[in-house]
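For reference, the structure is listed below as structure tokens.
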Amino acid sequence: MKQSVHKLEITTRGQGLYEFTSEVETWLRAQQIHTGLLTVFCRHTSASLLIQENADPSVRRDLKSYFSRIAPENGPYEHTDEGPDDMPAHLKTALTQVQLSIPIANGSLVLGTWQGIYLFEHRTHPHRRQIVLHVIGE
Amino acid sequence: MKQSVHKLEITTRGQGLYEFTSEVETWLRAQQIHTGLLTVFCRHTSASLLIQENADPSVRRDLKSYFSRIAPENGPYEHTDEGPDDMPAHLKTALTQVQLSIPIANGSLVLGTWQGIYLFEHRTHPHRRQIVLHVIGE
Amino acid sequence: MKQSVHKLEITTRGQGLYEFTSEVETWLRAQQIHTGLLTVFCRHTSASLLIQENADPSVRRDLKSYFSRIAPENGPYEHTDEGPDDMPAHLKTALTQVQLSIPIANGSLVLGTWQGIYLFEHRTHPHRRQIVLHVIGE
């Protein structure tokens, strides 16, 4: 049994979903794990992770606008120091997640045909987001 | 340390929660793991996983109707090609999760007394849903 | 490769976020794991887990009041036997999660600077909540 940890940085340019499935798969292939468990962890409280449809981009636009409707910028928030997009960003992160674990079988992630791994950026301004990958298996 | 991967198929007949705790436990018992970590992964973007109360079925009915209220079929969606239940299904999946990991101690999942493992089907029509189980431990 | 399992009990005094990052870190240090994966599991369906900002406490107050707005006590619920806070507690648990896994690198959790581990209590009355920790690594 072996393990490995890796840090990825993802540059975002405003709110929305940024796919990084291929970055994860490229690193994973180099680890030569036939069976195992991959964990993706996002080191932020205003950006999160989502496994979502990788086909029609309108799904991602609808996801972005839906989360902005249920966690709007003009809510009755106490925490407003960092701008109107800050507290909604924390709420959207709480409603989604900062960690995903995906089994590996036959040397590949067991993602479904339509599943991609996305960083969900909730802040308006560009950011560099840190993702940690961990794999265990053999 | 050993690992094992298994595929389960769950047949759904419309929106709602389908418990499959016993299918997971049956497979797990055969793996003879005393201490470890079980991961359940759902290979879809319009069905998700939930650990919820396994006692009063009214909780499941309330969960189903609540998620239909907060992600309604008549929302202002761009992605409508696959029917009115399609985009709400993606939203409900994003609001819940497609992966759960549960520790194993003394040969059993550490689920609480009232916790069951559910597939949350978000589409109206019947589907066959693919679940992947992974366990690591000894 | 080694593993370890531990039970934590967290006493809550009504709805809100209770940080227990230091309890997790204290136990983890004693396990002497340099690289690995920590899993935190909450054995309840009316309390959940959240990784959120550990700096400004107004973020936690806003999180608490936001979830009470989107899962209100006066909703059209069928399941009301255990009081008005019961069904909202199940909904808030479904909207967040009962499990978190965090990679370990260089002997520490890879949490971001502003990330803390919280129990999110959704019931009004005091409770003792059971958390299970599992670590695998070496």
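First chain written, first letter: the chains are A, B and C, and each begins at residue 1.
Everything below uses one rule, namely that contacts are C-beta pairs under 8 Å (C-beta built on N, C-alpha and C of every residue); 3 or more make two chains touch, one makes a residue touch a chain.
Given the structure is predicted, the values throughout are model-derived calculations rather than measurements.
A rotation of 120° superposes the C-alpha trace of subunit B on that of subunit C, rounded to the nearest 5. Under half of the residue numbers at the subunit A-subunit B interface are used by both copies of the sequence. Averaged C-alpha coordinates put the centre of subunit A at 20 Å from the centre of subunit B. Among all residues of subunit B, those that touch two or more other chains are 1, 37, 70, 95, 97, 101, 136. Here subunit A touches subunit C in the complex through residues 1, 3, 5, 37, 39, 41, 43-45, 70-71, 75-79, 81, 87, 90-91, 93-95, 97-99, 101, 130, 132-134, 136, going by the rule given at the top. Contact residues on subunit A toward subunit B in their complex (touch as defined above): 1, 35-37, 50-53, 56, 58-59, 61-63, 65-67, 70, 95-97, 100-105, 110-112, 114-115, 136-138.
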